[in-house]
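Here come two complexes built around subunit A, the first alongside subunit B, the second alongside subunit C.
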Partner chain A sequence: MRSLVATYGRGLTALFCGLALIWLLGLIVLPQLFMLERSLWWQEQPAEAFALTKRIDDLYNEVSLLEFDRRAAEGEEVAQLEARIAAKRAEIAELEAVEVAPVRVYGLANYVKMSGLHFWIFVKTIFYAMLVTLLALVVCYPIAFAAAQLASPANAALLLLGLVVPYAINELLRVYAWLMILDYQGVINSFLAWLGLVDFEKRTWVPFLEYPGAVFVAMVYAYVLFMVFPMYNTMETLDRNQLEAARDLGASTWRTHWRVVIPHARPGIAVGCIMTFMLSAGSFAVPQIISRGTGGDWFSQLIYRQFFESFNWNVGAAYAFTLLLACIVFIFLVMRLAGVGIRDIAK
Partner chain B sequence: MAAPPERRWGEAVLNLYIVVFFVYLFAPLLVMSLAAFNDFQYPSVTQWRGWTLRWFGELARDVRLQQGLINSLLIAMGVIAISLPCGLAGALILTRLESRWNGLLYGILVSPILTPGIILGISTLILWRNLGVPGGLFLACVAQSSFIASYCMLLFMARLQRQDRTLEDAALDLGASNLMVFRRITLPFLTPTIATAAVIGFLQSIENYNTTVFAIGGQWTLVTEIGSRFRFGLTPVINVIGVIFVVITIVCAVIWTVLRQRERQMTIR
Partner chain C sequence: MRGQNVELVDVAMRFGAFTAVHPTDLVVEAGEFFSILGPSGCGKTTILRMVSGFLEPSQGEIRIGGTPMRGIPPNRRPTALIFQNLALFPLMPVWENVAFGLEARGVDKPTRRARAEELLRLVALEGQGHKRPSELSGGQRQRVAIARALAVEPAVLLLDEPLSALDLKLRQHMRTELRAIQRRVGITFIYITHDQGEALTMSDRIAVMSQGRVEQVDTPDRLYAAPATAFVATFVGENNLVRGRITRAENGLALADTPLGPLRAANPHGLAAGAEAMLFVRPERLQLGPANGIDNRLAGTIARRALEGPYLHLAVATAAGTELLVHATNRGGLDAWQVGAPVEVGFAAEEAMALPTGPLAADA
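Here is the complex of A and B:
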């Protein structure tokens, strides 16, 4: 900090610190804390208070009924009805004076109350996200290796450009492209129909979209880049002579990868896995577009519904925090397994 | 020196794999683009009713999508205005701070990149709801900035680590004011990174869906509007947007390649 003041003076340093503080507190820490706080309470009315509220509602209904009668009434009935209305109104006023607003109750109920089904969806989502990560790792490893070690510089640049181009197209549109391929009357089913294997008239098409595999394919497709690039960056720094040496000393291809390439690329592999897992566990767009409610929910869709369909923000916040915890645990686990620090992540 | 047959096989398999992989990458885009020219009311390539450009016209008349694009651009401007200064401030502090809190501070400032987007959106929504601000363009802007600022910070840090600090010291010794050092030495040194950070921030902001969909409230951006069309009926207009994205990307990629090649030729000479 002293060197900052020495170079830029007090005024600028204060400005930098102020900006960083606004970002740190206003955009990162406080939102998370408020989300945590929100997940820890719910609104509740004590049982007797609930009865009271019900009684007040009933009275209001009776009053409106009586007023309706009064408008039709004639002669002495009017006075009679008005007296009854006044009596009811008095009772309402009396009860409302002692009525209590719903109180906030703090506790873990929003977490504990998660139903069996929702918990199952949570476990499934985490499991699927891991599977997507593993799949992406297997799919991308050869590509990253080829681009980093085997290809000539010009070819490598072309390879990387080819990887980036699909990524400039929006995630939703990328997934949408897969929807068109896997749909009931999509490209694959049309091909099968052409072969005479399925019949659209009889609706015997293969319901790809209802299989979890459809989401996997689209997700791997959507997040491939986040796996390839970190791996490519670390593999590129590997000296090619090491590969030659391993080969000259008689190591098989597998052994070379296992003992030379993978240990060297470990930080990149870890970062790729972390990014892919985080993106797929929190992915809202992919399952929403692909499954459209037919293939079972992912946890992210559940969270969305808590907020915008059941309007239960407290439970939604609890679910969101659960997902965040799962991601944090995964990140630390991978960092531990790969023996890399937080500093390695940001390359 | 001929490679042993085993290795040649290995390379053939790998090359085949690369080809398959790129088919996997590009075939879906081709299918999507083709459907934009199909004269059929549902997006499809298998039920071909002839070539048409009518969906381009429909897009030109689609007011909601146009408004969405304008909103996306507004948000992106806001995001750049917030993220660049914050990211730069964070980077300057982290590269200079010699304290045991450095690691923790770094961890917190990088954490939004590692946080699922929906959670960034949700937490921002909850915080600002308490302050009485409902979802909308402003919140989308704030929510996106939290993680885009982290990307900017990483870019600035990478650049600052290569900075020659003696230049600044020399300027100070020669009597430059602090402000002048920042304006005449630090900022010019960072200019290329500022441009890169602005472009990356812009793209990230335009592309974003997961965070925005929670923070946008009753407003919409181009991407959230596309997202809601998936629920309420799709027409090939969406494919037209895809085609436009593809064309813009390819044009940019070609320009980039040409520029790079020219640059290389210049350095060779």
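Here is the complex of A and C:
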């Protein structure tokens, strides 16, 4: 802090710190607190009051409909419609006078009353996200290692560029690309049809999109970079002589990796796993686009529905918060497993 | 542990169009402390990597204990390599570092532990096994690297400038230490260095390399006393070198015309009259003061002097403008040898040597 003041002067330092604080509060802490608050209450009304509210809502709908008609109406119809609108409005006013406002009840019910099906989807999502993470790890480890240690600098640069280029393309387009590949009449099936193995007429295509594997593949593809780069960064700092020393002492490739490369790259592996897990556990677009409702839901889709289809923000917030907690637990688990602290990861 | 000999037969290494090691024949005897000495970039590491198996020679054959090594990977050769930066595993405790080779060979943990402790005792590090390499001093890390390499019971230990990272005092101490360890374990050491002092003090024999070629293979004594080329003469030890043309050659002696006047020198290469030559004489072979009956006599004034207790180092400027280095033992009477004082310098013909002209160490 003192060094900051020394470098930039008091005014600029205050500005920096102020901006950082606003960012921290405005974009991270406040929305989360807001969500948390939302998730902790729900609205309650007696049953007949609920019917009343429903009736009022219906009346409002009717009024808007009539107003719509009136705009199109001509002659005496206008007066007639206006009379009906006035009648409805009077009724609304009457009902609203006796309407009991719903009360907010605070409690943990939003968290606890998750249905069996939703809970199953939650568990499945966590499990799938772990699987995607594992898959990405298995795919990326050799790539990161090759780029960091085996390839010549020029080749390594090409390899990394090859990995980055797809990320210049919008995530949605990347996922759509997989859709086109895996679709019923997509690239693979067309190829199979060309080979005469499937027949589009008879609909004997292979339904790749209906397998959970389709979402995995697309997700691994969508998020590999977040796995590769942290790993590459740590592996790159590994002294090549260490590999040669291990080999010279008689170690097999497997042992060299287990004893030398992996321990060294542990922070990078942990960061990669955490990022991939968080992204895939919270991914909405990939399962939405790929499965189009044919496969099982992911939890993120469920949250979306709570918010924007059931308009139940309270339950949505509770679900979202549950997912967040699961992710945090995962982070600590990975850090414990990898034996790395926050400090290592920050590096 | 038994040492084995290492033979290089017509071995060369090319990287694309660049030849790092020209075709070379070399025999390192079993149990020998053999050094490869040369300036940086002359191909020393390349030779070591070919012996250890990390590089396959572009041409020729390497045999260890008579067995051809082509196609045998580093982990299956009877060699162990000590890297320039040691390459200890920083995340393993010292004892696991030492026992790594045994671990790779499937030795069980109690045996590994015991063996590691034994080796640590050999390099005077007993009881330090639980520490991380980073907790040790430079010299101690050095010894861990040696213990780690010895653990796999190699027949040949390859060392790539292992002392270059240490400070002078420790380096000198480690020279003695390394030599003692080599005597104790009795295996072949191939030691790479660009430091001629290191090579001279430790080795049984030395190969001097320049630009991918071995210039001379000899004992330290002969290398110093009878360098084969101008390069070796200038790379090993201090020297005076004067260019000239041979005017007469007979009975193993040569008379040469030089900027310092006619000089006589031994002619081990049998250079003929008319040949260009380099006359070479060690600073300690020059005699100060008037003396009769000496073949070569030169006059000059003292340009610089440095007293090192028992020794006096002088730079004598001659009339021709060349400077001669003179190392004399301090026998008192230092007042006579002050800067600016006129001196006479002389040397017998046998003390000097006429060498064929060639690149010098200073050019490399």
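Everything below uses one rule, namely that the second predicted complex is superposed on the first by the 273 of 347 C-alpha atoms of A that agree within 3 Å, B and C clash if a C-alpha of one lies under 4 Å from a C-alpha of the other, contacts with A are read in each partner's own complex, and residues count from 1 in each chain.
What we mean here is this: a contact is a pair of C-beta atoms (placed from the backbone, for glycine too) under 8 Å apart; a residue touches a chain by one contact, two chains touch by 3 or more.
None of the values given here were measured: they were computed from a predicted structure.
Student: Between subunit B (first) and subunit C (second), which does A:92 come into contact with in this model arrangement: first, second, both, or neither?
Tutor: Touch partners of A:92: none, neither subunit B nor subunit C.
Student: On the A-aligned overlay, A:239 touches which partner chain: subunit B = first, subunit C = second, or both, or neither?
Tutor: second
Student: A:209 contacts which: subunit B (first), subunit C (second), both, neither?
Tutor: So A:209 meets neither subunit B nor subunit C here.
Student: Once the shared chain is lined up, is A:114 touching subunit B (first), subunit C (second), both, or neither of them?
Tutor: A:114 contacts neither subunit B nor subunit C.
Student: So, does A:289 touch the first partner subunit B, the second partner subunit C, both, or neither?
Tutor: first
Student: Tell me which partner A:249 touches in the superposition: subunit B (first), subunit C (second), both or neither.
Tutor: Touch partner of A:249: subunit C, not subunit B.
Student: Just subunit B (first), just subunit C (second), both, or neither: which does A:263 touch?
Tutor: second
Student: Between subunit B and subunit C, which one contacts more residues of subunit A in the superposed model?
Tutor: Between subunit B and subunit C, B touches the greater number of residues in subunit A.
Student: Counting only touches as set out at the top, which of subunit B and subunit C does A:22 meet: first, second, both, neither?
Tutor: first
Student: Which parts of subunit A are in contact with subunit B and also with subunit C?
Tutor: none
Student: Sort out for me which residues of subunit A touch subunit B in the complex.
Tutor: Touch list, subunit A to subunit B: 1, 3-4, 6-9, 11-12, 15-20, 22-24, 26-32, 34-35, 38, 139, 142-143, 146, 150, 157, 159, 161-166, 168-174, 176-178, 180-181, 185-187, 190, 221, 224, 253, 274-275, 278-279, 281-285, 288-289, 292, 300, 303-304, 307, 313, 316-317, 320, 323-324, 327, 331, 342-343, 345-346.
Student: Quick check: in the complex, which residue numbers of subunit A touch subunit C?
Tutor: Residues 239, 241-242, 244-252, 255, 259-260, 263-264.
Student: If you look only at subunit B, which of its residues touch subunit A in the complex?
Tutor: It is residues 10-11, 14, 17-18, 21-22, 24-29, 31-32, 35, 43-47, 85-90, 92-93, 96-99, 103, 105-120, 122-127, 129-130, 142, 145-146, 149, 154, 157, 165, 168-169, 172, 177-179, 181-182, 186, 203, 207, 209-210, 213-214, 223, 226-227, 230, 238, 241-242, 245-246, 248-250, 252-253, 256-257, 260 of subunit B that touch subunit A.
Student: For subunit C, which residues are in contact with subunit A within the complex?
Tutor: Residues in contact with subunit A: 52, 54, 73-76, 79-81, 83-85, 87-89, 91-92, 100-101, 103-105, 148-149, 151-152.
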